[in-house]
Amino acid sequence: MDGAVTTPADHAAKGYDLDVALAAGGVVAAAEYLGGIGFSLDTMTGVDWIAQNEMEVVYDYFHPASPLRIVVRTRVPRDNPEVPTVSGVFPGANWHERETHDFFGIRFAGHPNLTPLLLPEDADYHPLRKDFVA
Amino acid sequence: MSASFDIGAPSKSGETFVLNLGPQHPAAHGVLRVKMTMDGEYVMRSEPVIGYIHRMHEKMGENRPLAQFLPNTGRIDYLSALHYNHAFVGAVERAARIEVPPRAEFIRVITSELNRISSHLVWWGAFLLDLGGFTPLLYAFDDREKILDLLEGVTGSRLTYCYFRFGGVRDDLDEGFAGRTRAFIAQMRPRLKMYRQLVTDNVILRKRLEDIGPISPELCRKYGATGPVIRGSGVPYDVRKVEPYSVYSQLDFDVPVYPEGDCMGRYRVRMDEIAQSLRIIEQALDKLPDGPTLGKVPRVLKLPVGDVCYAVEAARGRLMVRIVSDGKEAAYRLKLRTPSFSNMSLFEEASRGMMLADALALMGSLDLVIPDIDR
Amino acid sequence: METPVDTSQIVKFAKLDELLALSRANSLWPLTFGLACCAIEMMAAGGPRFDISRFGAEVFRPSPRQADVMIVAGTINRKMAMAVKTLYDQMLEPKWVIAMGNCAISGGPFVFPGQYAVIEGVDKLFPVDIFIPGCPPRPEALIEGILKLEEKLTGKRRWPVVKPE
Amino acid sequence: MPNLIDDIFAGDLIYLSAFCLAGLALTIGPIAVVLLLSPRKTRNTEHKTGQAIECGMEPIGEAWIRYSASYYLYALVFVAFAVDVLYLIPVALVYNRQFAIRDFVELAMFVGILSLVIVYAWKKGVFEWKRR
């Protein structure tokens, strides 16, 4: 794939086999490619790197027939976190993205219904940010 | 979910109304709310609303040392708590490279499989309660109490276990444990045969479950559903076989798979899994080596910088714990990939156009534990 | 001469309130309100081994209209608080509340500085009659809670209190 | 002589009014008992006692809508059997005085004819809940 830094990892030490870091734009292409060869979206994790003023979104993929585990990660600036949605390729990502939006405030462009999932409907706070005060 | 999935206009004779299968509902197995747009008896569109029991497990993972998060793992999915202990402990051991003595690994497998049986028994009782049969719940809880006595003798609690430690398990098994477990297995097998005759072969159950709520392998892959849901649709995906962890590679057991993909397929997968777990426990008891049950663990545990994942086959499916660490005592970010979250996310698309009673049978066959969804 | 008949065994004179309290105490119908882990212990209490029906409380009514006691078994979080208050109001008088488990008493293990979702205790929403500590409390503790509620109603305890020596 | 008719008439009148009063007492009685014995004070906080029960949530939308016809047909089948039971109650009083076999046959015919309702409803597809 274009513009992606792939570093193989040892499954016994890290739990996944391939670690792909790419720009936010390439996330949908990666999802389509992996979806095409039978991968399934495991989960999406948001990480708030407040020191580097960046937000990271990590996509985990597993394959129902092979032990191969692929991780795709992308970083976006912290003050305007915007990542295109993959819920077109994996409808399961719909809930994952809503939850990541709940906790970190990362907007997912093109998401059909980006309302709070786990927090109350009128919640405007993002609790898992490092600078969150209750 | 975008409304493009509507199945045609409502029938001419009646308007649609919104039914609240709300947080407090016997078939919701907890506080799950599903807003169902109904046309008479048929579900036009169902929209699950979750978050009513969100308990901030991931936030708690970040503000306390790793060892203090162990009690939380028993309270995320309290029916198969030991699997969550196993996932969290496994992730930390994988990151900090802690050696686990073989005896502890076998004890982990034995207690986890006992926990899987007790979780399937609760599912079986509650599922048939949804379908209208009350008596199986009493049989299931009768058997489950026997398992709880076994596990309580070893772990000390009945439900929210906190038995695994980094590098092994808290206590060794007492000498009577193996005998009591074998007696339980000997007593459980004829019970399973009785359940099959009384319930599985019951024609009413067949009519209620066969080709109701079909879930295709493609739908499972799109939503990331795993566990008995994907094995009920013909895909033999079991983390114990595909990504072997602990000592499951030394034990031989087969993974029950049924191709139909309907509620009956998922029902049969779980009933066969109880039999398989009994086999696993027997083999693990035979191969139980002697030796210590707790490896060497540094006094103050700090994980190396970077992230680590560890996947486990919980009773409801693939459970993965991802710990991102920045070298301090507490985890920088702790992500719990819980099986019920993905299993439930396909309910919206799978329950279109079904009758309300069948939609509830489908929800029961997904075996949901709501704090497992909300975390 | 036939033996004198001790009428106190046959006929029992009591004020109407006591009679009502006795009948209510022996048929406390709980509302199925399982939230989290304590719900499984509540189901185990209804199961064959601990058998809450010995105290007339095994009929779990899903509808608030037909329930007498609301056993809050689990964690109340901020999104659920309004639903809990609505359900409590929809129950008919006389009604009681049992807060089962540490989460219902004080938020339990989910109380930490900076927590944003858990209501710390049901008594912040409405008055509670019986508190059952434990995480989760054993089914015997729930049965002791039901007996405590009966004692609160009738003033008499009909089961010997077990004194740990 | 003439007041003899009045006596019979007065007797019937007493009988009739006693019967009506008993009916009245059976309806008003429980309501009065409940009002007398139910506790006065309440610990409600939201004052939503009268609201329709929707599992703890606010009911969404109106309930007064045009339902599909199959609910109505289902109710009709129930009404048919309710009337059937209504007629069986007096039969229970006089059953098996002398002619046991005859009573049984009559009863079986009565119930048999009325259970044709199920056969008819089955054929018309009431139990399939098809979306009309």
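Letters are used for the chains, namely A, B, C and D, taken in the order the chains are written, and counting of residues starts over at 1 for each.
Definition applied: a contact is a pair of C-beta atoms (placed from the backbone, for glycine too) under 8 Å apart; a residue touches a chain by one contact, two chains touch by 3 or more.
Just so you know, these numbers come straight off a predicted model, no measurement behind them.
More inter-chain C-beta contacts link the pair B-D than the other of A-C and B-D.
Chain centres here are Cα averages; for chain A and chain C they lie 45 Å apart.
Chain geometry summary: the mean Cα position of chain B and that of chain D are 47 Å apart. Computed from the mean C-alpha positions, the centre of chain A lies at a distance of 60 Å from the centre of chain D. Chain A and chain B have Cα centroids lying 24 Å from one another. Residue positions of chain A touching 2 or more other chains: 119-120, 127. Among the residues of chain B, those in touch with two or more other chains are 22-25, 51, 54, 56, 59.
Contacts with at least two other chains are made by residues 55-57 of chain D. According to the touch criterion at the top of this document, the contacting chain pairs are A-B, A-C, B-C, B-D, C-D.
Residues 16, 20, 63-65, 82-90, 92-94, 125-127 of chain C are the ones touching chain D in the complex.
Against chain B, the residues of chain C that register as touching in their complex are 31-37, 39-41, 43-44, 47-49, 62, 74-75, 77, 79-80, 83, 87, 109-110, 112, 114-118, 135-136, 138. Those residues of chain B that touch chain C in the complex are listed here as 22-26, 30-31, 51-56, 59-60, 63-64, 71-72, 75, 78-79, 122, 126, 137-138, 141-142, 144-145, 148, 158-160, 370-371. Residues of chain B touching chain D in their complex: 11-15, 17-18, 20-25, 28, 33, 35, 39-42, 355. Every residue of chain D that touches chain B in the complex is listed here, in rising order: 54-57, 59-63, 65-71, 129, 131-132.
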